Amino acid sequence: QDLERHFDEIIARDQRIEPRDWMPDGYRKTLVRQIAQHAHSEIIGMQPEANWITRAPSLRRKAILLAKVQDEAGHGLYLYSAAETLGADRTEMTEKLIDSRQKYSSIFNYPTLNFADVGVIGWLVDGAAICNQVPLCRSSYGPYARGMVRICKEESFHQRQGYELLMTMMRGTEEQRQMVQDATDRWWWPSLMMFGPPDHDSPNTAQSMEWKIKRHTNDELRQRFVDMTVPQAEALGVTLPDPELAWNDERGHYDFGEIDWSEFKQVISGNGPCNAQRLAHRRRAHEDGAWVREAAAAHAAKHSHAAVS
Amino acid sequence: GADLAAYCVMLGDDALIMSHRLQQWCTWLPELEEEVAVANIALDLLGQARLLLTRAGAADGGGHGEDYYAFFRPEHEFRNVRLVELENGDFAELVTRLLVFSTWRLALLDRLRVSRDPVLAAIAAKGVKEITYHRDYAAQWTVRLGDGTDESHRRMRAALEAVWPYVDELFTAHPVEQRLAVQAAEGNGDGARGGDHDTAPAVAIDPGTLRSEFDDVLAQVLKAASLERPEVAPIPGVAGKLGRDGVHTEAMGYLLAEMQSVARAHPEGRW
Amino acid sequence: GADLAAYCVMLGDDALIMSHRLQQWCTWLPELEEEVAVANIALDLLGQARLLLTRAGAADGGGHGEDYYAFFRPEHEFRNVRLVELENGDFAELVTRLLVFSTWRLALLDRLRVSRDPVLAAIAAKGVKEITYHRDYAAQWTVRLGDGTDESHRRMRAALEAVWPYVDELFTAHPVEQRLAVQAAEGNGDGARGGDHDTAPAVAIDPGTLRSEFDDVLAQVLKAASLERPEVAPIPGVAGKLGRDGVHTEAMGYLLAEMQSVARAHPEGRW
Amino acid sequence: QDLERHFDEIIARDQRIEPRDWMPDGYRKTLVRQIAQHAHSEIIGMQPEANWITRAPSLRRKAILLAKVQDEAGHGLYLYSAAETLGADRTEMTEKLIDSRQKYSSIFNYPTLNFADVGVIGWLVDGAAICNQVPLCRSSYGPYARGMVRICKEESFHQRQGYELLMTMMRGTEEQRQMVQDATDRWWWPSLMMFGPPDHDSPNTAQSMEWKIKRHTNDELRQRFVDMTVPQAEALGVTLPDPELAWNDERGHYDFGEIDWSEFKQVISGNGPCNAQRLAHRRRAHEDGAWVREAAAAHAAKHSHAAVS
């Protein structure tokens, strides 16, 4: 109870919980789940973008894209490490991912169908991720909060690069402008779904906010994203695929149309356009690599024996 | 001139196509650490390719930028060695090919640091640092896999047998390389045989002179990995023509079809 | 008009892309008899694609020939169902996909023999003979593999699970199909409700009407093969858009990059 | 001895030996080896051409090429059947092929590097094959002779199609003309090597001619091919890559330069540009298909049991 009071005080004072500190089981479990999901999202999120590395139409864009996908692998590593400070095991988390026992962000269950998707993912998907993640830099759990600082910095960079690609394409040919519009049409609604279900349908939000794992509700963050994005779309010259999108002077926010929550639930529950493909890909990569990991372990074991003897 | 441009294209294409094959590994590697490392190597090589192809465009004087070389040349104008274009195999094949490629290229770039072409020399100096890391990475994995499990040892042997037939080509000088490798001595040697002039650098390196260093490094790494240099015949070109002559393997056409598809679908595009 | 052209493109693309996936099997089949048979099926489908795309060009009035449709359209203008573009798996996957595809297409072409468009009707009549053979071939192999060894049975089950999520899309009518399927009744029904006119043929078939025939045939074949219809959810499109809307899977871009590479490298070429 | 006299008489009278007839062991072995090699050549020969089916730049050419490769599979089937009439077994022959215990025509150990290769293979490779094979239609072994009649007919058709493709390409762009010339440069000398070593270096020729398995020497056939092809090259507008090629009025034939027999020997002995690739491809296809063949056999066995019981 002393421990629990100490924990509560740290939270109340907006200080950080560190790995060695006592924490309630629920806090630990919630965090492990959240960080693991976040790590998985980085790893699965590599796939839709990596899909275009070999076909990037300029060497500069190829380098930018490759570096971005590499950063995502780095973020995954970071986040798995942060989860490990809470007692989770990377191999186990990977197995939970490929057995569908842990989730990843649903946004990556949509296909990338033209090169503008790379830019739109940077603009909208990374943009939404940043809205979600900036508050996490003040998460009460130290390793996660520090990881998020670095991750957010890199994601802002990716977002600007994505937007810049789209700007460039909009100054190109008519076909290129159509590619940007087409990609925007496909990614807009799924991006809004990235903030999760509406508040009235989000049971875990209250506890997470109390623990200061989460700082804003889903709907607050979603509104922030819409308000930020609409002027960017105008500057770009694309139309967001929502006829109800309009500035509301009274609210001081943009109104927007109803999200198709049935689609959201389908994708979350495994029936999106690419769920099966993404998991099969990750599973196959993991299985194909088993002999390599075994060999590395065997070599390390021999080596440490040799060092001891 | 034209020779310098052609030489930069050769070294640039080696890096570009090797990078492409490593890019294809992205999201398929056995560990996240390997995802980061292999992407890093692919990025380094892509960077080298960009500098070299840009240098080629400047030396050629035709006003072509790096993207012209990557996306708008037909297959027979690509001058990379065939080693880099082969279809990807398993992780042992990646490691083996990278070991061979980076050992060879490190020896090459190391000597090119004093190239008479200052741009090439600067590119080489930067590249040496990068490739040193690539070679170490490949060597470490060669040892781990060669001296890991029976399975990994078997796979490394198979990989060596698959890759080795393309090793000889790395040390076969193309006429352009031969000309640029001797030109310095000729150019400067005119009547002046003093010590300084004899060692005046050339623009290029005759790759044949790199063989013994390559053999030494490979022997050392393979020994530490409990592996042996395979006894396999080199794979000839067609009527003596090799990758440097623009004669490739059947894998190359598919690689280029993919790599060039978006750029060619939008020849007027801005990216 | 435009609808007829769009409809011919849909059916033509189905055949073209399915043929492409079968072409990729060439030299990789388990027996020479299968090499001959699968090449034959790929040829039949290629022939259907050529007739349909030629008809599309004529109906469209834009003067485009078959090669324009195959080689110079971007991905989002291809209107094939996603089933045909999926990457190839093992021989069980080939057999399963072919069984599903040819059962569906046979039901479709059978009804199209009386299409109000006489060219389409003729193409369908020719196609029915071909696809009957394709379906028999696939059904025979389904039985052999389903009722073969444990291994082949396991592979057939996996293949069914991989293919089945794309079955529902085959029976989802695109607005073009809907319009062409009812237009006859409307066009002829004007004041005339006599027996003859009620059965006046439409140009197209609503694929939804084919489902029960498809289900019956599949049930019969799967039963003979000791296999069961898998319980898997259909794979949705993006925001409800499917292959017929030009929204494809990530496999499609690579397929087209390869298929179109030579034609696009030589847009002025003569072949 | 009666049997042997009967056999000799049939040969002398230019009649056909049939499967049921007695024949000397050497005759049988020589024929099996030759027919198996021929069958293997059809099968391996599918690979360099199939390499371009998916990339053929017009649908008409795609259909022609696919039909041609299909014909080659058909020829392979035919020839394996002919070998089986002599007691050989198809599975065994396939295993001998992939274990490098039986050969196939060396010409298929060269890569196909541009679409004009498809035309040049039709023109030169099929052309040379026809020169070799037309006399085989009069082979003393009946099933082989009859098979060759059909095969030669189809190959002539393929040759005309190949030549017609080249003619069309030569009327196209400058780049296309370069493709045709490039392909011609690469395939000319290997085509001349298809007739085998020079007569003074061909130990088996005498016996084969005596048995009327073979009707002309290698050098005779090679000269016939050169004489036939030079005017075709002129009509096409390509240069054959041999500066010594010239009409010899005295001989009534074209003279031509020395063939690089060291290259020939290298390729024959397994060290050509594609030997390893072609065999690995065939081996993998065969191994990947093992479970299918086993399943078909198991199903057939069940079925025949059922019929009996």
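Each chain carries a letter (A, B, C and D) given by its place in the written order, and its residues are counted from 1.
FYI, contacts are C-beta pairs under 8 Å (C-beta built on N, C-alpha and C of every residue); 3 or more make two chains touch, one makes a residue touch a chain.
It should be emphasised that the depicted structure is a prediction, and the values quoted were computed from it without experimental measurement.
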Label of the chain whose CA centroid is most distant from the centroid of chain B: C
Whole-Å separation of chain centres (CA-atom averages), chain B against chain D: 37
Whole-Å separation of chain centres (CA-atom averages), chain A against chain D: 58
Centroid distance [mean C-alpha coordinates] between chain C and chain B, Å: 45
Contacts with 2+ other chains: residues of chain B: 74, 253, 257-258, 261
For chain D, residues contacting two or more additional chains: 55, 175
Touch-based graph of the chains, sorted into line, ring, star, complete or other: other
Pairs of chains, among all present, that meet the touch criterion: A-B, A-C, B-C, B-D, C-D
Residues of chain C defined as touching chain B within the complex: 74, 253-254, 256-258, 260-261, 264-265
Residue ranges of chain D touching chain C (in the complex, touch as defined): 43, 46-47, 50, 52-63, 66-67, 69-70, 73-74, 76-77, 80, 115, 165, 168-169, 171-173, 175-176, 281, 285, 288-296, 298-299, 302
Chain C to chain A touching residues, read off their complex: 74-76, 165, 233-239, 247-250, 252-253, 257
Contacting residues of chain B [partner chain A, same complex]: 16, 20, 23-24, 26-36, 39-40, 42-43, 46-47, 49-50, 53, 66-67, 70-71, 90-91, 143-145, 147-149, 151-152, 155, 258-259, 261-263, 266, 268-271
Chain C contact footprint on chain A (complex, rising order): 48, 51, 55, 110-114, 175, 182, 185-186, 189, 263, 266, 270-274, 276-277
